[in-house]
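The same chain A turns up in both complexes below, where it pairs with chain B and then with chain C.
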Partner chain A sequence: MAHEDCEVLYSQLAARGVTRRDFLRFCGSVAALLGLSETMVPRIAAAVESAALKPRVPALWINGGACTGCTESMAQLGSPDVATVVLDLLSVNYFETIMMAQGEDAEKAKADLAAAGGYVLVYEGTVMTGFDGNALRVAGKPQTEELPELCEKAAAILAVGSCAVDGGWVAARPNPAEGIGIQQFCEDHDIATPIINLPTCPVNPEWVVAMVVDVLFLGGLDEQGKVAQALVDKLDDFGRPKLIFGQTIHDNCPRRGHFENGEFVYEFGSEEEARGYCLYAVGCKGPQTFTNCPIVRWNEKATWCVEAGAPCIGCGNANPLSAGGNWVDVGAPFLNRLPDLPLSDTTTVQPAAAASVVGAVAAGALLVHGIGMKAAGRMDGGAPYEEIRESDRKKGGGR
Partner chain B sequence: MVFVLTHWINLIAMVCLAFSGFYIHYPFFPGFMGVARGMHFFFMFVIIINLTFRVVAAFFVKTAVSLGSREVDTDIKNWLPQKANRRQLWPWIKYYLFLKKDHPLGAKYGVLQKIAYIVTFPLTFIMAYTGFAIWGPTMDWAFFTAGVSWVGGYMYMRVVHYFLMWVFIIFTAIHAYLANVEGFAPSALIFAWKESEGLHFDKEGNPMSGASH
Partner chain C sequence: MARVIMDPLTRIEGHLRVEVEVGADNTVSDAWVSGTLYRGMETVLKNRRPQDAFYVSQRICGVCPISHGHASTMSAENTYGLTIPNGARLVRNIIECAQYLHSHVLWFYTLGALDYVDPVKALSANIADTYDLAQAAGTTTADFGAVANRVSEFVNAGLANNRLSIFTNGWFGHPAYAANMPAELHLIAVAHYLEALHIQAEAAQVMGIMGGKFPHFMTSVNGGTTFVPTEEKLDDVLYRMTRVVDFVNNTMIPDTLAIAPFYLEAAGYGAGCKNYLSWGVFNSPSFALTDRYLPGGVIKNLDLAAGTGLAVEAPDPTKVKEYVERSWYDSQSGLNPADGETSADYVEYDVNGKYSWGKAVRYDDMPMEVGPLSRMLVGYLAPSELPEGVRSPKDLVDFALAELSKAAGAQIPLAALQSLLGRVAARNLEAAFVADLAIASVLELVGYVKDGDTKWFEPHDVADGKGVGLWEAPRGSVAHWMTVEGGKLASYQVVAPTTWDIAPRDKDGTPGPMEQALIGAPVMDAEKPMEIVRIARSFDP
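Now for the complex of A and B:
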C-alpha cells in the first residue's frame, strides 16, 4: 500500500504527536508479543494502515463486577501514543465508564450491536451469579440475563483482567456473590464463542493491543467472522496466549541472580532490601506465575512490581474453570511462601503450621509409646512370642 | 549385602532431600540456594534410580526369611503378604496398643510393617511426580501438567509436595523408633551387615526350636 493512501492513519498519528518511526517501532513490539519475526513488521504496519481505511470494527466493553482497574489501566496510557491510536480503530459502541451516551440511548446502542453480532466483546470484571444474578444489576436487570446473548453473538471474547478470566479476587473465599469467570459462564450456557483470557490485575494494555491486532488485522477472524483456528492454537490450556503467559516471572526476573546466590530480602526496610536482593523469602510468587511482566513491563515499559521492589503476588495466576483457582485464594497471604488452606469459609491454616502440629503429635505419640514399652519391659527384645496365633487358638486348633 | 547399600543410599538421599527441600521452601540462612537446589535435583535422581534398582533386585536377590535365620528366599516374597501374615493384623495392633501381652507371630515383617513399607514405594514415585511437576525443565510436559490441573495449579502441587515430605519424615520417625525400640539387632544388620541371633520363627511363621524367648 502506498504511503499516501494511509493519510488517514498518519494524520491521526500526527495529531497525537506520533511519528511514523514511532509507529513502526510500536509494530515491532507488537510483533514480538505475537511471536512474529521482524520481517512481519511491515505486514503489521500495513494491516493497521489498511484497517484505518475500512469501517471500524465494532466492540462492546462490558463491565461485570469490576473495580474499573482494567479500564484505568487502559485509560492511563498517558501520553497519546500509538497504542491508543490502534485501539481507536475499534469502534467501542458501549463502554460504561467512559462513554458519552447515557440511559436508554446507551442501552439501545448495545442492544443494536448485540442484534447485529460480529463484534469483539471485551469483558472486564467478574460475572456475578449470586442472589439470582441480582448481585449485579445493569439497566434495571440482572446482568446475567443479557450476558448470554452478548457472548453468543460476539466474534470473540477478550476477557481482560483476572476477574474476567476466573472471577479473580471478587471470587475469593467466601465468595457470597458467586463470582465466576466469563469462560465458566459461557461453559454453563453452552456458548462456543472463542475466548482469549488475559489475566493479571489489572490487565496490561500492551497485551490487549497485541490481541486486538492479532484478532482483527492479522487474519485472526475467518470468513464467518469467528476466531480462526490458527489463533486458537496460539492459546494454552487456560485460553491464554502462550507467548505472553508461557514462562514464569522467575524465569526472566532481573533479581534471579540473587536467588541463585541465596541473597534474599527477609524483612522490608532491611539492608538486603536496599541492595535489591531476591524477594523469594518475603513470599514472591514469581516462580509459579506465568506472565511476561519482566519483559514487557508496565506503565509504558517504565517498570513493574518486582523491579519496583514488591514481591510478585501472583495476580496472573488464573484457572478459568476451577472454583478457588483465583489468584487470591491461591496466593494469600502474599508475604508467605505457601497459601492459607481453607478449613471452612472463614477459617484457614498455614501448611507449615498444620504439618508441624501433625509432626509434633507423632513425635509425642512415639515418646509416650516408648515410655510404655519401657514400662512393659519390652525394650529388651520385645515381649515373648505367643505360642500360637490368636486366630488358631480361637479355632481350638494349633499344631 | 546389596540391600545394606541401598538402605544407606536411601537414608543419605532422604536426609539431603528433606534438608535441601526445607531450605528451598524457606531459605532460613543466606547463601545456599544454588547448592540446595543442586543437592535436591542430584539426590532426586539418586533416590529414583536407587529405588527402581531396589524393586528390580527384590525379584532376584534372596534374603533371610527372618532376622537371624539362615534360610533364604527371594526378597520380594518376604515383602509381599505371606501365609504367615494372615489374620495377624488385629493382634499386631493390640500388641502395639499394649492390649496384648505376648508378641504376635509373623513372617519376616509384621502386617503393619508390610503395609507401611509397601506403601512407601509408590509414595516415593508420587513424590517424584509432584517434584517433576514443579521443576522448570519438566513442568510443561503434558504428563505433569495433567496432574497440576488436577490439584488446581502449581501452588497446590507445591503444597502437596510439602505435605508428602512430612509423611516421609513421620514415616522415618516411626520406622526408626520401631526398628530399635526392642533392641538394636535390626540396625546392626541393615547398617553394618552384622548378623545376630535375632528373632526366631521359621518361614511358616512358627517359633523355631532353640528360641531364647
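Now for the complex of A and C:
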C-alpha cells in the first residue's frame, strides 16, 4: 500500500491520540482472537488502512427484546481509541439506543438501508414472537413484520449476546413472550443469510470487533457481498467462531491449579476465597462453558467473573436451534453443581447426589471433577487426575 | 389540532412510543406513553430458586443491572431476615456508586446532550475562543482543534454518501437549539461527549473489578458479596474512581452550569404529577430506608412556588398498587405486588383503551415521579446523616441555583426544580453527591480492611416467607417482591423505575408521570417536536 493511502487512517488515529504502534498492537490482538499468526498482523493493518479510504460500510443495529446490555458492553472495549476507529469504518445508520434521530426520521434511515441492502445486520436481544409478535412493537407494528426483509437483504448477520443467539433468559420456560434467537427466526422464514453467533450475556465487545474485521476487511465477504465460504468454515456447528468458543473456561482458568489440587471455595467470602481457590464447589459452570473469558477478560481487560470470586453461571451456553438450550434453563440453579431436571413446566427435581447449597459442603472433589469432565463431553468414564502444572498454580486467583 | 407520534423514541434503554395531541395554541393537550416490549421476567423466575433471581432479574436492564441485582438480593435477605456484614454493605455501596456515576455521565453526554447541543454548530467554532470560553466556564479543556477536525472529517466523509452513521437524519439546525448559545460551547460539549465515553468505561471498570464484569455483575449474592478486596484491587478501584469523580466535578458540573442559562425556558414546563417517591439508596450502617444516604421518602402534591406539600412521609411498600385497565394484561387490577400477578394479554393498541405493556403503578393511588429529581427533593426536605466530606443535596442544589442566578442576572427560585430543566439538573447534581460518597466509601472500605476483622458473607439457609427489596436505580425506584415456598419462588414481582415514570392511565383515567409532564408543554415544530423528546428523555426511561 502506498504510504499516502495510510494517511487517511493515521490522521484519524492521530485525532484520537493513537500512535501507529498502538494500532499495530491492536491488530495483533485481533489476530490472536481470530487465530491468525503474527505474520498476519501487517495484512490486518493493511486491510483496515485500505478500508479507511472507502465509503463506510453500511450497518444496521437492531434491538429486539433487549436490555441494552450488549450495546452497553460495546462501550467497554479494550483500547477503545483504536477499536472505535475500526468501528467508525461502519456507518451504523440505525441504532435505536444511541442514534440522534427519532420517530419517522429514524425509521426512514432504516428503510433506506433496507432498500439498498448489502449491510451488516447486528441483532441484539431476543426475537419476540409472542402475541403474534406484539410482545415487541416498533413504529406501531410487531418487529417480526419487518425482520424478514431486514434479514434477507443483509450480507451477514451478527447475533450479539445470548438473547440474539437462542433467546437467552427470555426463552427460559415457561414464558408466553415466546423468545427465540435470530437464527431460528431465519430458519422459520427460509432466510439463508449467514449468521455469526456470539453468545454470553452480554456479548464480549472484543469478539464483535474481531468479527467485524474478519467479515468486512479480511475477505469475509465475497464479490457479491455475501459471506465467503472461508469465513463459514471458521464457524462451529452453533455458528460460533471456533477460535473464541472452542475451549472451556475451565481450560484456561487461572484458578485451575487449585482445582487440580482439590482446593475449593466452599463458602463465599471465606479464607479459601482470599487464597483464590477454585469455585467448582459453589457451582462454577466453567467446565461446561465454552468461551475464552479468562483470556480476553472484560471491561477493557480489567477483570472477569471468577477473578471477583464469582462462579461462572455459564451465560455463554447457547444452542441456537434448540428450545430449552438457553443458559438459564441449562445452568440454573447456578450455585448448584447440577441443573434441576424438569419434570414438567412447573416442577423440577435436583439430582440428589451432587447437590450443594451456599454455605454447605460440596460433594467430594473426585466426584465433581468426573461430573465436570462428563458435562464438557470430553470423556465417558471416570476422570483421571491430570498432572499438577506449576504454571497454573502460580496464577492462582490473580492474587 | 395535530397528532404527533414519536415511535421509536431513541436514545433510551428499551422501546418506547410517545403519542401527543398538539392543540391550536401549539401546546400539548393530551399525551399517551406506551411501553412496547414485554419480556416476561416474572414468569421466567417462577419456580426457580431465590438465589438464582439475583443473576436473572438484573437482566431486566443492561444499563442499571446493579440496582436490580441489589433489589433482588435485598428481597431474599428480607425474606430470610438476614443482615449482611458491614464489609458487604460497603462493597455494594461502592459498586452502586460507580453505576450511578456511569449512568448519569452516559445519560447527560451520550443520550441527552444531542437535544441541546448541535454537533454541526460546533464546526463553526473558533478554536482559540473555545479555550477562552472553557477557562471562563471553569470546565476542562481538550484538544479542541483535533476534535473539530475529527467531527468535520466525519461529517464530510459521511455526507458524501449518506453514511452519517448514528447521526443520520438528526435534527441538525433545529430552531429549538438555543440561538444565542455560542458555537464554542457546542464544541466544548462535543469534546466532552467524546471524553465521557472514556469516563463511563472507567466507572464500569470499578463495577467490573468489584462485580466481576459490567454490564451484568456477579458478586452481590444473597447474604453479602463474593468479592474479597485485596490492597491491589482497592488501589485500582480508588485510582479509577478518582478519575471519574474528577470528571464529574470539573467537567460535567461546569458544563451543566454553562449550558443551562441558554435553556432557562425549560424551567417553565415539564413538571408533571408533582408527587415524588424514593425508596432510598446507599445503605448506612442502620440499613433503615430513611437513614440511607439518599433517603427514602414520599412527597405528595409538592408546590415549591407556593411552599405547600413539603411534608416527607416514610415510604411504605404496602401502599403500592398496579392497575391494568389500560395495559395489556388480564390479571386482576389494583393488586399490591406482594400478591401480584402477571398475565399478559395483548389487544389492539388503542389510546382510548389498552395501549401499553407497562402497568399503571400507583402509591396511595397517586402517580409518582421517580428518579434523581425525586431523590434530591427528598434529600433536600428530609436529609439523612452523611459521612464526612459528602455535600448534601441541599448544599448542591443551593450552590447550583446561586450559580445559575448569577449567570441569568435574576434570582432563580427553588421552584425551578419542578420542571424539565430541574429534572436534568437534579441528575447532574446527584452525580456530584454520589462522587463525594464514592470516595468517602472507598476510603471507609480501606479502613475496614486495614482494621483486619473483615466479613463479606453471611452463611444462611433458604427460608420460606415473603419479602421485598426496596432500592433506587439511577433512573428511579426499583422494588423486587418475592414469595418463597418450599425453597422455590412461588411468586416474583418487579416494579422497575421506568414502570413508575411511563405508567399509562389507571382505573380512574389519571395519566402517568411522563404523560402529565408532556401535557401543557409547548411544541415549536410539530414535525420535529424537540420539546417532546426532551421531556421524555429527561426521565432517562
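Note that the second predicted complex is superposed on the first by the 346 of 399 C-alpha atoms of A that agree within 3 Å, B and C clash if a C-alpha of one lies under 4 Å from a C-alpha of the other, contacts with A are read in each partner's own complex, and residues count from 1 in each chain.
The definition used in the following text is that a residue touches a chain if its C-beta (ideal position, glycine included) is under 8 Å from a C-beta of that chain, and two chains touch if they have at least 3 such contacts.
On a predicted model such as this, the values are computed, not experimentally measured, just so you know.
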{"item": "Touching partner for A:M100 - first (chain B), second (chain C), both, neither", "value": "second"}
{"item": "First, second, both or neither for A:L53, with chain B first and chain C second", "value": "neither"}
{"item": "First (chain B), second (chain C), both or neither touched by A:A308", "value": "second"}
{"item": "First, second, both or neither for A:A66, with chain B first and chain C second", "value": "second"}
{"item": "Partner chain(s) touched by A:A230 [first = chain B, second = chain C, both, neither]", "value": "neither"}
{"item": "Chain B versus chain C as contact partner of A:A281, first or second or both or neither", "value": "first"}
{"item": "Greater chain A contact set [chain C / chain B]", "value": "C"}
{"item": "Touched partner set for A:A172, first chain B, second chain C, both or neither", "value": "second"}
{"item": "Touched partner set for A:V138, first chain B, second chain C, both or neither", "value": "second"}
{"item": "Footprint overlap on chain A, where chain B in one structure and chain C in the other make contact", "value": "358-359, 399"}
{"item": "Chain C - residues contacting chain A, complex", "value": "5-15, 17, 36-41, 43-44, 46-49, 51-52, 55-56, 59-63, 65, 85, 87-88, 106, 110-111, 114, 143, 146-147, 149-150, 153-154, 157-158, 160-171, 197-198, 200-201, 204-205, 207-216, 218-219, 221-228, 230, 232, 236, 328, 344, 346, 349, 357, 455-457, 459-462, 528, 533"}
{"item": "Sites on chain A touched by chain B in the complex", "value": "237, 248, 251, 259-264, 280-281, 285, 288, 314, 317, 319, 322, 324-325, 330-331, 337-339, 341, 351-352, 355, 358-359, 362-363, 366, 369-370, 372-373, 376, 378-391, 399"}
{"item": "Residue numbers on chain A that touch chain C, as the complex places them", "value": "11-12, 14-17, 55-56, 58, 63, 65-73, 75-77, 80, 88, 90-103, 105-109, 112, 126, 128, 130-132, 134-140, 168-170, 172-177, 179, 201-202, 267-270, 273-274, 298-300, 302-311, 313, 315, 328, 332-335, 346-348, 357-359, 399"}
{"item": "In the complex, chain B residues that touch chain A", "value": "25-27, 30-36, 86-88, 90-91, 95-96, 98, 100-105, 134, 136, 145, 149, 152-156, 158-159, 162-163, 166, 169-170, 173-174, 177, 181-183, 200-201, 205-207, 211-213"}
